[in-house]
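One chain, chain A, appears in both complexes that follow, with chain B as partner in the first and chain C in the second.
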Partner chain A sequence: MNKLIVVLKKVPGLIWGSFLALVVFAILAPKFLNPLNLINILNNSSVLLIIASGMTIAILSGQLDISVGGIATLAAMTAGLYLHNVGDTSAINIILAFVIGILVGMAVGSLNGLLIGVYQYNYWLVTFSTMSISYGLSQVLTNGNIISGYSKMFRNIANHRFLGMPQLVWIALAVVIVIIFITYRTKFGMHIYAIGDSEQCAAQSGINVKRIRFSIFVIAGGLAGLGGVLLVSRTNSASPIIGFGYEFDAIAAVIIGGTPFSGGSGGVIGTIVGTVMLYAIKAGLQLVGFSVYVQQVFIGIFILSIIVVDVINQNRKKEKGSRRVYK
Partner chain B sequence: MKNSILKFLLFKFSRPLILIVLIIVFTVFTDTFWAPDNWTNISNIILQQAPFSVLLATAMTMTIILNGFDLSIGASVAFISCVCGYILRATGNPVYAIIAGVGLGAVVGTMNGILVTKAKIPSFVSTYAMKWVLNGFALVLLGGKQIYNFGPKFRPLFISNKFTFFYIMVAVLVIVSLIMKYTVFGRQVYATGNNPEAARISGIKTDLVTLKIYLMGGMIVGLVAVMYIANLGTAEPNIGTDFPINAIAAALIGGTAIGGGSGSVGKAIFGAMIILTLQNGMVQIGVPSVWQQVIVGLVILLSIFMERGLNKLAVRYEE
Partner chain C sequence: MVEQQKSVLMEIKQLTKIFPGVRAVDDVSLTIRKGEVHIIIGENGAGKSTLVKMMAGIYSLNGGEMFIEGEKYEPMNVLQAQKAGINMIHQELNVMPHRTVAQNIYVGREPVKGVLHMVDTKKMNQMCSDLLNSLEIDIDPCMLIKDLSIAQQQMVEVAKAISNNNKLLIMDEPTSSLTHKEIDSLFKMTRKLRDDGVAIIYISHRMQELMEIGDVVTIMRDGCHVGTRRIDEVDMAEIIYLMVGRKIEKVYNRTYNEPGNVVIETQQLTGKRFRNVNMNVRKGEIVGLAGLVGAGRTEIAKAIFGYDAVDSGSLVFNGEEISLKSYSTFDAVQKKISFIPEDRKQEGLCIKMSINDNIVMSALPQLFHNSIVNDRLLSKVSKKGIKDLGIVTTSGNKKVNNLSGGNQQKVVIAKWMVTDSDLFIFDEPTRGIDVGAKAEIYTLMNNIAKQGAGILMISSDLPELIGLADRIYVVKDGELTGEVAQKDFSQEYILGLAL
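Presenting the complex of A and B:
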């Protein structure tokens, strides 16, 4: 029993707050707890979950990757264009499309990693400009047009049901489990946490900070690329704004899940909860009957207040810590 | 020795040089950019586009001096122009619209400032979140539609004389640069940007300074929003998505360094003119307009490379 209380105390307050919001929705809109709605929430959150787990490792190391939305879009457009041109009825082409999408993501990610990790430019500016470049290139690829109408085989990758759930959910789960294993059980994962805690300490204890930072952005880019191609398969269309806003949602999901901006603590497990919470709240707002525009205001204010609470909490903790030192 | 003086001059005047080279290249390679008997394009750039870009770049430069960014400027313009559109439609009185525009800009700026100073959220995160909120508000107000018909007095006030926008820009720039150069407040801004901790210890109220800068930036953005609907004749909630990135690119290519403490109105002007010339010239040469976003992103990357390169050069020169 005591153990349970300790575990419950570890759950970040933000998750409790979101949980409260869910209870309110469940009361206001009885349909909210319908299994179909719940499965739909999971299905909607899958792509964000994949992208947000990349964002989590970036934030764990104390940095941000704002280019993930742009990377997802660029990967979606390249893979979509490839499938459109070579035909999407053969399994090999579909696999190749996924490989291309992931490679595009990793390529942009390695540009980020090279500039930020190795040459130590400002992470925010670099990813902001690669975001703009990726969105721009996605426009260039098809002159701003949408490609739609893919074969059933390709659409089934995300939409086919397996054990009652869309395959997309299972794919997201598999990816997240791999990332959880990497962050909690490998040396690389430990190094990410160490760098996020204190880059200087990590460097002085012999961690190759440059290499780790480079790999972080490559992984985040690759995951965003995978997410982008899955989005095409799910929505049956590749549009140059398909990933628009994912960077913001991903940051929000990570922060709700209890990983602070300062890095070094938290983890991907929290992000899973954060992502599902975010989409549950979106679905709840919709079921209660708010228009799309009002939803955007609510979500924006919600995320902003979450960030404010999180940062104030962290600052208070930091102050407490320094007080202890100077006593 | 002679070589190093040349390098120093290159370092100091690199931005005007870039602008001149760009203008020469576009003049030589296209017929439409500029010719002795064809001033339409140039006057279009200077009188129609520059006032907006330069003012937004100035607002952005002021936040970059304090080691921050303001990503909400595009959404602010969208939101404020929608509100002003409503007011104009209801009253038809331009004075109300201008007061409301600048006032709302001040409110948005203050909120950004409070988030950055009191809640201590990194500015690019707080202003990015603010962007979504403001865009949402604009959409709630207009529901994705446009609003027009601003009454008989509002638009003529701005567009009856084609130099009005230019004059407004010059007036604002003069005021801002006087404040930044010759007042105690301006000195405090640079001190805070350079080293906030040292500034605080030497008695500067850094939070207040930061708040005031975001307030000033917000007021400029509000003014731009009013000018924008006067120029366009319509207000819609979806404008301004590319304002922040263009303004950042302009500020950085103009020579304002990230990290705080450097930057000026003059640099913002040159930066904005470089971006405008580049975008306009690319269109004249025949590059499809979908490339513009890629180019702006590349300009930001280029300018941060250039900043580091020039810094190294400066260090070598001093040695």
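Presenting the complex of A and C:
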């Protein structure tokens, strides 16, 4: 019980705020708690969750990968084009399409990793460039056209229901569990935290910082690739803007989940909450009756106000800390 | 007492390191023995840090050889040095604040279990608590580093080094940010390690420490090895003489002037860490602020400088009451108040910028009336500062980062000299600075007072306060416990008020 309280105290203010918002939605729009709506929220969150778990390890290491949206799009287009050309009724082709999508993601990711991790270029500039390259190539592949109309078999990968929930949700869950295991239970994971906390210290403790930074971007790229192909399966179309905006949604999800930009603390579990909250708030605003445009404004105001509360809270903690000196 | 020669751990022969323009270490040979604390002392820029950094695999050699237990030792990087049993603890802490003690100590060498190679946290914490117990350190392995005191963090670093098959532990000014009590426990641990047969190299600026902890002392000057002595066969004066290469006639060179008008006066000043502070500083006066670390001295100074918020009370500057509602450092500088902070690297300087840029930083609005910066005037002003303060550098375009501690402090002082301030606040002005440079800083402070500015000086070094100040205020737990006039100056009396 005490342990539970300790854990609860660690939950960042952003999550409490989100929780509060959910309660408000539940009261304003009774439909909000309808199981169908809740499943829909989870279904909507799934792809972002996969991409954001890659973003989480990048941010944990103290860096960012803003190419994930571009990578997801490029992977979606390559896989989509491949299936369109070789036929999407055979299981092997579908599996190959996923493999291709993930490989495309890992390829761009290793370019990021090589330049950032090994040659130590600035992560912002590198991933900004590869983002641009990926979006550009996606347009080039089909001349900017959308490929749509896929077989039921391929669409079912994401949309088929298993135990009442779309498979997409299960896939995302599986991915996240693997990432949780890697970050909390393996040496590699511990070294990601170590680098984010103090790169200098990590390097002097014998950690191969270059290799770990490289791997982080390869993993983030691979996950973005997987997310991209799943998006095609889910929406039944491969569009050259399919992953647009995912980079910043992913960053928002990670930060709402309590992983600070400075790295070294937080984790993927927070990101799960952050992602689901983000979509829950979107859905709630919709149910209450706001248009998509107003929704964006609200989400911005919402995140901002929670951040303000968080800062006030931290200042109060600091004050308490300084008062303690006097007994 | 039978003095046995302890066995040799490491021998270095004719080490040389050349940086562009300087021979930082020039033909230095040393013998390091097991179970001895070997102190390396010297003025700033004498090459102490460079020397040990070569031993720790951080710098490559330009000449010379090293041997460990008779075998040639050529570390290419820190890791190889650590494998050879040589660990270095830097002046700045090198820890991961958000990780636990155990995670910090075993980072990179975590024990694993099972097919999946999961990190065995339980075993790691057990290993960690065994290690800490063996060193008699009372810290829970599961604590986060950021929740520990600076001294405890340092001990974790020592523990980490020890756990690494340690033969030689190098400590670069480990006590510069510790309180007396913390220093004691660090020394206790150091002695224990020495008695266990570990060789220790200890770089320090503080003379008392060397007598307290050292077995052997090596003195360096201008990159050269000028002497090695056993501590029990040498006296303080000889060491100082060897270090400086000249006799320092008088450390505290103070000419007392008739104090002028009151520059600053605080009335019932109350802030977060201090209450009801009433004090004043007159022109031409050096006023000391004594007290223990954490008593609230820095906080009072920062409040006067507009950096920390004031809850109540008032501040009168040159007879004019300052409105505290929107008081900021910007206003303070406008009113000609200067603040030379304790932490040069973080607060006093923009470490990646040049000497020139740092010197004119606070005076920009004063120097350049239309917002365009005139390079010629800038370098003229800066050149004057470099010359007046005797900053040792080849060019004003050099980055401050590359200067020694004493020279960095002079740059901070130069920066405020340019603004022609009426009040200078010095917070621990000689922390981490060697004897020679200390005397220079004292002379500078004396000159500032002579020119008619007031000085408020915070220091934990009582002899220094007594040597320089006209009056001393003593702070305890955020309140003034006394004002001591010069005729009553004595260490016992002031400490009595502070404790």
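By our rule, the second predicted complex is superposed on the first by the 299 of 327 C-alpha atoms of A that agree within 3 Å, B and C clash if a C-alpha of one lies under 4 Å from a C-alpha of the other, contacts with A are read in each partner's own complex, and residues count from 1 in each chain.
We adopt the following convention: contacts are C-beta pairs under 8 Å (C-beta built on N, C-alpha and C of every residue); 3 or more make two chains touch, one makes a residue touch a chain.
Here the structure is a predicted model, which is why all the values come from computation and not from measurement.
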* First (chain B), second (chain C), both or neither touched by A:A194 -> second
* To do: Mind working out whether A:L125 is in touch with chain B, chain C, both or neither, as first, second, both or neither?
  => first
* Identify the partner contact of A:I303: answer first if only chain B is touched, second if only chain C is, both if each is, neither if none is. => first
* Where does A:K3 make contact in the superposed view: on chain B (first), on chain C (second), on both, or on neither? -> neither
* Mind working out whether A:Q139 is in touch with chain B, chain C, both or neither, as first, second, both or neither? => first
* Asked: First (chain B), second (chain C), both or neither: which does A:S265 touch?
  -> second
* chain A: partner with more touched residues, chain B or chain C -> B
* **Common ground on chain A, meaning residues reached by chain C in one complex and by chain B in the other** => none
* Structure fact -> chain B contacts chain A in the complex at 69, 115, 119-122, 124-126, 128-130, 132-133, 135-137, 139-140, 143-144, 245, 248, 252, 258-259, 288, 290-298, 300-301, 304, 308
* In the complex formed with chain C, which residues of chain A make contact? -> 181, 185-187, 189-191, 193-194, 197-198, 200-207, 264-265, 319, 322, 325-326
* **Residues on chain C engaged by chain A in the complex (per definition of touch)** => 78-79, 82, 94-99, 103-104, 107-110, 112, 116-119, 160, 272-273, 294, 477-478
* Note which residues of chain A are touching chain B in the complex, please. => 64, 115, 121-122, 124-126, 128-133, 135-137, 139-140, 143-144, 245, 248, 251, 261, 291-294, 296-301, 303-304, 307-308, 311-312, 315
